[in-house]
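What follows is chain A paired twice: with chain B in the first complex and chain C in the second.
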Partner chain A sequence: MQPVILPTDFTITEPQVAVMDSVEGEIQPQEVSSAATESGSSSIEVKVLFFARARDITGVGHMPLQVSAGSTACDCLDKVVAKFPSLAEIRECMVLAVNEEYAPGSIIVEQGDELALIPPISGG
Partner chain B sequence: MASSDGAVDDASRIRREIEALKNERSDIDRQISDLETQLRGLQSKTEVVHNDGLAAHGLSPDLIYRHSRHLMLPSFGVQGQSKLSKSSVLVVGAGGLGSPALLYLAACGLGKIGIVDHDVVELNNLHRQVIHSEEYIGSPKVESAAAACLKINSTVLITKHQEALRTTNALDIVSKYDIVIDATDNAPSRYLINDCCVVLGKPLVSGAAIGMEGQLTVYNYKGGPCYRCLFPLPPPTTACQRCSDSGVLGVVPGIIGCLQALEAIKIASSVGEPLSGRMLLLDSLSTKIRIVKIRGRSSQCEVCGENSFFTPQHFKGFDYEKFTQTPLSVAPVKLSLLTPDFRITAKEYKQRIVQGEAHVLVDVRPEHHFKIVSLPNALNIPLTMIEQRVGDISSALKEKQPNSSGSSPHLYVVCRRGNDSQRAVQLLHKLGFVAARDIIGGIESWAREVDPKFPTY
Partner chain C sequence: MAEEKTLVEILDEHTKVDVVKYINYVTAPQCGAIATFSGTTRDTFEGKTVVELRYEAYVPMAIRCLKSICANARSTWNLDAIAVAHRLGPVPVQETSVFVAISSVHRADALDACKFIIDELKAFVPIWKKEVYSNGEVWKENSEFVERRSALGKHDQATNGVAKSKSHDRKSCCGTKVKVVEGAHEVRNPEN
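Up next is the complex of A and B:
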């Protein structure tokens, strides 16, 4: 099957293509095609947003994160903590939100989701 | 010539006069404030009489004129204003968040405002705590805030609680108000205020700000979640940030404080939808405001959950400082990690400079702190960089090595307050610099004990 690359807001009915459709940024046809053929072990990209102390620790406001399809928010967090070990200290007190909505760690993330890590702020 | 002596005399005479006048003024302020309170008492009695002949909303002609722009708002109107005038709000903390919140609450026509704060106004508060002014430096924040509120609106009833909120006084104070605004700056106060509001069934408008970011949520409102539903575990001490340690752009708590006033006014007047079950995140760097839908009330919540038995008695016995591992008082933590042999006072260090002792001084504060002010000839290696920059320390020591057979140069470490310097010395000992010592109390003690003109921040 030829990989079909569609513009981001294109309305489509074919669900298999929809997954590929929402890949942000520069799309590399080879990668997309391999992801599409290996169903089950394909990788997706989520955007991780860092707030407050989490932003201080990572030094960035957000970053793209590649995880395998079917990963949970918790799996994403594991990956991020592996990259920024200092995040471990606030891991247990952070609120997780997927697409601006509270989410338990067990929620499955989808391609293009925004995962926000929100530690409490105490200052005033 | 005696001209410089004369100038010194003049300056101290003027200072004394200013001091005397300031004392006089605060006496007069107090008298005015007492008289105004008396007058309000009399007015409210006469207003009741007048109001018999007025419309049922009970707003006096003066109040109708003062709040006319509220009354003309179709969605707010007489009903909203009337409810406001019968409501009371407690603002805990008259700092960066409390300042704008209090100013708007005083202006809006609330019936009663309570202010809790144990602190005094300091010069380094004024960049964000806009309710206070220079003339109140050294005075209690509750006095300064109450005076500013009454200047805007002499008809509002203000109660000053010049104390920190603790388990011993919180139930008593909070029970006197309808709505609570958390405008504090520390984790234990946030849990304490939340729990107290749950126990007493009061809605809580919680705001926070640090650096360039702010957060806002309404807790414990009509079955919505409480602070503990969202944050059952407090952040570790190391992750606790205060404006006094981390810095904050003044207008950020200003924005959040204004929003807190807005939410309190909405709740008090039963207008609109309060920010319950949602959290507002302000990112001032990118000017982005996100509203995140947060969880509902947690059935597992230790304080408001279904199986919770958190009573006023539990509240009184709960140790919030232990729970959050953070003291309620604003005094910064003083660590004691080193034995006295590995520490010297700022005065001793000064003597060693005067004696010309060969040494290297490492300042372990972050670079942006070092840029504010530093001791002469200090080498800036932030605490987090020490291991990577061991070579720099070694070569600095080598440079100071006397040519003769004199003893090897000493290694001293300094930070802002004397905590990180101890951590750094421990690390340096492990790295082989076994004689490293720290300066007790950091550059703050240098400013206190050696050079009063040395800037502090």
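Up next is the complex of A and C:
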């Protein structure tokens, strides 16, 4: 990655505008592992973000997701699709981003990571 | 080289793109050229009447991507200042949704970099638009994304090295919701 040096000129008028406009109570973590609460280390929680068609399908902009430590982004997607089966129809179209960068499905997610489902983009 | 001057803005809903502001931003005495691109909402798509486009973005990632694209442009061309703005929310017909302004000493750098930046934006920056017709609506898909999505996630950064990746598969990856007109394949009737 190239160094990006853009110190002061860069502004956002407002973060997160229009992203989660039609929100939406947070969904509870879909799975609570009793083992995880015992050891405290075998389960992690990531934040899953939905945009555009993915958000239309799920009806939510984001949700917490508990997965076992060592899970990949793809594993997370499997669980999300299990929860929202209609996502399967666009699954092959989507790409993933972890912590605001495009990532392969094989990437290992960590506690607190932000996993975004990116349907085909259409900016411009 | 002097301090890089780059402005990236994702504009709030109902905030119009102030093109004069961005042109002023890139204007500099040492520059002999300013190239701009303005993307505007048009009134029809495949015969359907378009009422408006509605944009949303993964804002922090969109900002990061745009900054990266600008940095890549600087590494290729000799540029002075860059300004990129994208509006969110509903954008009515004729109004600007995206604007790029670049200044350089000579015009070739600004012109080429301007095209590069809008092309990269359409391929990689997480912004979405829903096209709203008088009788329906559809999430659009950029052909640039469909062609180059295989490159995503295989690099540390979205725009690193993917510029050279090519795919001629222009099919929409989500079925037939969006048709991409391709003029490259003309069928020639055999004449004997």
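The rule we apply is simple: the second predicted complex is superposed on the first by the 79 of 124 C-alpha atoms of A that agree within 3 Å, B and C clash if a C-alpha of one lies under 4 Å from a C-alpha of the other, contacts with A are read in each partner's own complex, and residues count from 1 in each chain.
Here is the rule we use: contacts are C-beta pairs under 8 Å (C-beta built on N, C-alpha and C of every residue); 3 or more make two chains touch, one makes a residue touch a chain.
Nothing here was measured: the structure is a model prediction, and the numbers come from that model.
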| item | value |
| --- | --- |
| Touched partner set for A:Gly105, first chain B, second chain C, both or neither | second |
| Residue contacts on chain A - larger count, chain B or chain C | C |
| Doubly contacted chain A residues - partners chain C and chain B | 51-53, 56, 89-90, 92-93, 95, 97, 100-102, 116, 118-124 |
| Of chain A, residues touching chain B in the complex | 51-53, 55-56, 61, 89-90, 92-93, 95, 97, 100-102, 116, 118-124 |
| Contacting residues of chain B [partner chain A, same complex] | 93, 95-98, 183-187, 190, 207-211, 213-215, 230-231, 233-236, 238-243, 246, 248, 253, 256, 279, 281, 283, 285-286, 290-295 |
| Chain A residues touching chain C - in the complex, by the definition given at the top | 1-6, 9-19, 21, 49, 51-53, 56, 89-90, 92-93, 95-97, 100-105, 107, 116, 118-124 |
| Chain A partner contacts - residues on chain C that touch it in the complex | 4-13, 15, 39, 55-64, 67-68, 70-72, 75, 86, 88-89, 97-98, 118, 121-130, 139-142, 145-146, 149, 152-158, 160, 172-174 |
